[in-house]
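Structure first, then comments.
As written, the chain order gives the labels A, B, C and D, with residue 1 at the start of each chain.
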Amino acid sequence: MNLEQHIRERLKKKPVLVMSHLICGYPSLDDNRQMLQIMHDAGVDLVEFQFPFSEPSADGPVFTRANQKALDAGTRVADCFELMAWASSKFSFMPVMMGYTNTVIQYGEDAFCQKIAACGGRALIIPDHPPEEDTQLLAAAKAHGLCVIMLMTPTNTDERLHTLGTKASGFVYGVARRGVTGAKTAFDTGVATCIDRYRHATSLPLAIGFGISSSDDVAFLKGRAEIAVVGTAFLTAWETSGPDAAKQLLAALT
Amino acid sequence: MWDIFAIEKNGYYGRYGGAYIPEILHTTIEELKSAFDQARRDPEFWHAYETLMGSYSCRPTPITHLENISRDLGGAQIYLKREDLNQTGAHKANNVFGQGLLMQRMGKNRVIAETGAGQHGVASATMAARMGFKCTIYMGADDVRRQRPNVFWMQQLGAEVITVEDGTRTLKDAINAAMRDWVGSMDHSHYVLGTACGPHPYPQMVSYFQSIIGKEARKQWETMFPGEQPTAVIACVGGGSNAMGLFQGFLDCDACKIIGAEAGGRGLEGHAHAARLAQHRGTEGIAHGYRTYFLQDEDGQMRDTHSVAAGLDYVGVSPILSYLSDIGRLQSEAPTDVEVIAALKKTIQREGIIPALESSHALAAAYRLAPTLPTSARLLVSLSGRGDKDIFTIADALHDPAWEDFITETAERYKKKR
Amino acid sequence: MWDIFAIEKNGYYGRYGGAYIPEILHTTIEELKSAFDQARRDPEFWHAYETLMGSYSCRPTPITHLENISRDLGGAQIYLKREDLNQTGAHKANNVFGQGLLMQRMGKNRVIAETGAGQHGVASATMAARMGFKCTIYMGADDVRRQRPNVFWMQQLGAEVITVEDGTRTLKDAINAAMRDWVGSMDHSHYVLGTACGPHPYPQMVSYFQSIIGKEARKQWETMFPGEQPTAVIACVGGGSNAMGLFQGFLDCDACKIIGAEAGGRGLEGHAHAARLAQHRGTEGIAHGYRTYFLQDEDGQMRDTHSVAAGLDYVGVSPILSYLSDIGRLQSEAPTDVEVIAALKKTIQREGIIPALESSHALAAAYRLAPTLPTSARLLVSLSGRGDKDIFTIADALHDPAWEDFITETAERYKKKR
Amino acid sequence: MNLEQHIRERLKKKPVLVMSHLICGYPSLDDNRQMLQIMHDAGVDLVEFQFPFSEPSADGPVFTRANQKALDAGTRVADCFELMAWASSKFSFMPVMMGYTNTVIQYGEDAFCQKIAACGGRALIIPDHPPEEDTQLLAAAKAHGLCVIMLMTPTNTDERLHTLGTKASGFVYGVARRGVTGAKTAFDTGVATCIDRYRHATSLPLAIGFGISSSDDVAFLKGRAEIAVVGTAFLTAWETSGPDAAKQLLAALT
């Protein structure tokens, strides 16, 4: 089954899937394993494994700091692969690689995609890689059965959304608002209009991210989108109140 | 003249360039590209730009012959293109006012800028003050510390200076922070990138505005030495904007060498430098929105760099220069901090000119080269900025006890006052 | 153009001027007079001077329209003659390089100079470095403290800076000390006086070199506004050199007011100012080699003066300006420190230009005057220098805690190092 | 008897007269009175009463400091007159006013000369007043029977010396070397040549000053000049070793 089919399969059991997120190596690889267990236990459907990068220019302050600390602690790309492989072997959610272009091209687009596939990864989310840039990423991903997730954003024109839609596979990541990760989003008619526009441009499942932090937010997505992305909220709960709080947050969202 | 637009293909120069940007900026960058394309095709625009730089700054900047040092070295005659005389003290003003005019065309009213040495920050804050824009400057915490006088002036100019505590707390982190701001504020804000780097069209656009240096210099040179090409043109290379600015005037002179001077720091053996092109220290990568040679480890993590000159202390380099380097047109040198301080002292003492530490790299390269050439040879060096801003760094490098006493006394006076 | 040589009679301008010098300098001054007279009659000389200032500095300096402030004030349009863009950051370079060329003609190889704000010291040290002269600079101990960055640069430029502990430890004492040096060293040394004061021919000679400002400005004005005179030209008046420089271009414009801005300090009621001409605060006297209006007590002892601007903090004033004041051609204003700081801030924030504290006096006078005039009126202001040098004073005046923290941290770093 | 005649009279008794010097108000007016007593006792022939000035640009460091301190202590021009009047009434040497132009013109050239004459002064030495400058000084001095002492210096041309000679009265002050007061002078053939040139330009008595500090220096002047000027040496002796040392110095020189 390809990623889209997998998602559709799961959607038969619940109206909105959840994609959670962690940064490999932050606070530590051990913590990551504990996080993954919690995500699994909460019934999370997809997990973004963010490969830390020294220049995380599309991330907000919380993730930026986490990227840096993961690197300061010595996290290597090999550790990220290993964590993903470990999770794939143990849990039933679908791992997704998230990170920056440079991480991929330094490893080599083809070798990287092969490795991700081997670690059980299903897709790549590379926020600084527009589909028209001339790396071998799209071809390599295809060759290894991975999806490159397209991001649709509030500032895109309809025409651009259409182009992105034609290039998308697996699912589409719809950005709920302007700005980087980490800030609160007001889920209102503005967001609803955005989602409508994304919906119009693709028939793939739609994940909505940036600022989801409550069950109300997820409820808002019901009937509008297929996947709720929980990023900063989870990490912030973990950092400020510990694993139990993070667990409760996920329980409320899933 | 050599044409930067002719060598570009879809935002690339050979393998380098591109626009690796978050999708949310796609429309903004497209708007910028088309605004820039329209502007540069409008002859009124360049005229307005030249008029502004001629009345608000002192363009055309002169060319100065370093008579004494050329004589001392006994080789080539050295000439400086005097960007240090510009309003705000560096070539940075050119780019910034050019982008300011573009902002007016685009109807934007807020400037975002990153800065390392602070020169681009001061220039941006100046432009914003003059043109009536709001202004936010991102600056790495380490650079804030190293370049406090510039921070002081930015604030006086009405800019908000945001200290970036992320990463290595230097220029690259300021770039990331500026990018993050832009991603949320592009409706009204324009990101005034300070050098010929970043996503397309920035490398080209910044080079275009800085080409005023090379255009003037070429014309001046033809008047001074009709029919003769410089033996070499030399510029320091941080991101590459002053270099691209000067080089564009001479890239079509086939007998003229094109030389970039990067930060040799403590030497190229370790990692305490910022030489990306010299001795092929950089490797290809993608960050900050573009593909070029970066100083990075095997995982593609950017390295901590070092230079006595805050403005050269950067991991990437203009994709256009990477291309020129690949095709063998650009030669790169990397004088060390020690050589650079010596070049600075020599220039102050023998010629009465106080160069910026950045520009002193170009001078160091020229002073290396000149003695190997006949006295009939001529070198044209970009004096990209003045060194006043570097007083704390230079006083440290030269260990001036009277300066240290003065600072200590001033600190005591402040303490008493509190 | 109005002719400074036509109004002089035996070294006097009306009652003012003369050469009250020790007999031992008689021959030296005679030599200087005749060298200067020959030089100024040699058309090659002015040409060489212009060429030097056009290639080593950025002459002609531009005229900038203060669009925003003129609009804010709702009256006259304000224009700046941009001497701040000069090499070394002030009009002082003009005089110094002119005298340097004269030194070459006279075969002298050592420069003596006094300095107050340090700008003339930096300019002199620069000229000496460039022209290969030795250089000794006298500076009052209080000014050394106030203007340490300039002291640092003078020393880096290779000049010996001698701290003068006599008297009020400011400019006037530095002048006396320089004079003392000269009295013993005139065979090889030339005293490069920094302003349009001192014994004949200095007031005239300095004014002559500075007339490059007014000559350029007049020509630029005629191109910008054919057939129209400025409503007023305004310059700050320390010794009077930048003022004389600009004024010479417009003294023959009968509709154009000539306005000098002296240091109002803490107000003209007490003695904490340096207003000699404004409100007739000065009285006639003879010191420092010439007769003019001085700030002195009944016994003729010079008073302690005060200004936030070290370069205006002087007891005397150009005899030529005293004359112009007596005949009613020159009007004098004396904005206070507080007004001057406000004008400085306004100029930085609204126009992106950082004026020297000295020049900010002229701006303050212009900002007073502009709103009283129709929008069709035009003021031309001498922006004699840039404010970078004043960072310590401005930071103090504006009470910037981040700056104070920075200085305190730097001092602690020095302490640890020792 | 005019000043020249007075000097010639005294020269009948000794080959070289001595002109000593003090700065009114330094170290104090009381000290000045004690100094004057010592000068009188030592048989000094002329005394320069220097009126302190805030801009003593022709003075060396010792006198500059003394000028400043006298002013700091509140010395006024009136005090200087008083001191001179007191000395004239008590001692037989000839008082000479020494000072700067501004002191004279602030008081008014005529009033000043009248006052000096009234205080028993015989001449004025104004080092920053070349004879051709257009104050009323020369006329006023003449009107009140005072001489304005011309200074001849090593840098003057013969022509200039001649001009100075024609304007001189009383005596001529010949400067022994370049520079300001206070430094040591090597009394050698260079100085001798200088004095010859001065001698050639005037038939008035010749005083030689700048750097005289020993009986050898005075001996050197014998047959060459008529007056030895002792300035800084006296003040330095007073400052460093007290009144007795100053007394001894004068004793050795007279």
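Operating definition for what follows: a residue touches a chain if its C-beta (ideal position, glycine included) is under 8 Å from a C-beta of that chain, and two chains touch if they have at least 3 such contacts.
Just so you know, these numbers come straight off a predicted model, no measurement behind them.
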Among all chains, whose Cα centre is located farthest from the one for chain D?
A
Report the inter-chain centroid distance for chain A and chain C in whole angstrom, where each centroid is the mean of the CA atoms.
65
Interchain centroid distance [CA atoms averaged], chain A/chain D, Å:
97
Rounded to the nearest Å, the gap between Cα centres of chain C and chain D is 37
Could you tell me which residues belong to chain A and also touch two or more other chains?
none
Would you please write down the residue numbers of chain B that are in contact with two or more other chains?
none
Take each protein chain as a node, join two nodes whenever their chains touch, and name the resulting shape: line, ring, star, complete or other.
line
Within the complex, which stretch of chain C touches chain B?
54-58, 61-65, 68, 82, 85-87, 89, 125-130, 132, 145, 148-149, 151-153, 155-158, 345, 348-354, 388-389, 391-392, 394-395, 398, 400, 402-404, 406-412, 414-415
Residues of chain D defined as touching chain C within the complex:
53-61, 64-65, 68, 71, 76-77, 100-103, 105-107, 127-130, 133-135, 150-157, 160, 164, 175, 178-180, 183
Residue numbers of chain B touching chain A in their complex, please.
10, 12, 18-28, 166-167, 172, 175-176, 179-180, 183-187, 284-289, 294, 296, 298-302
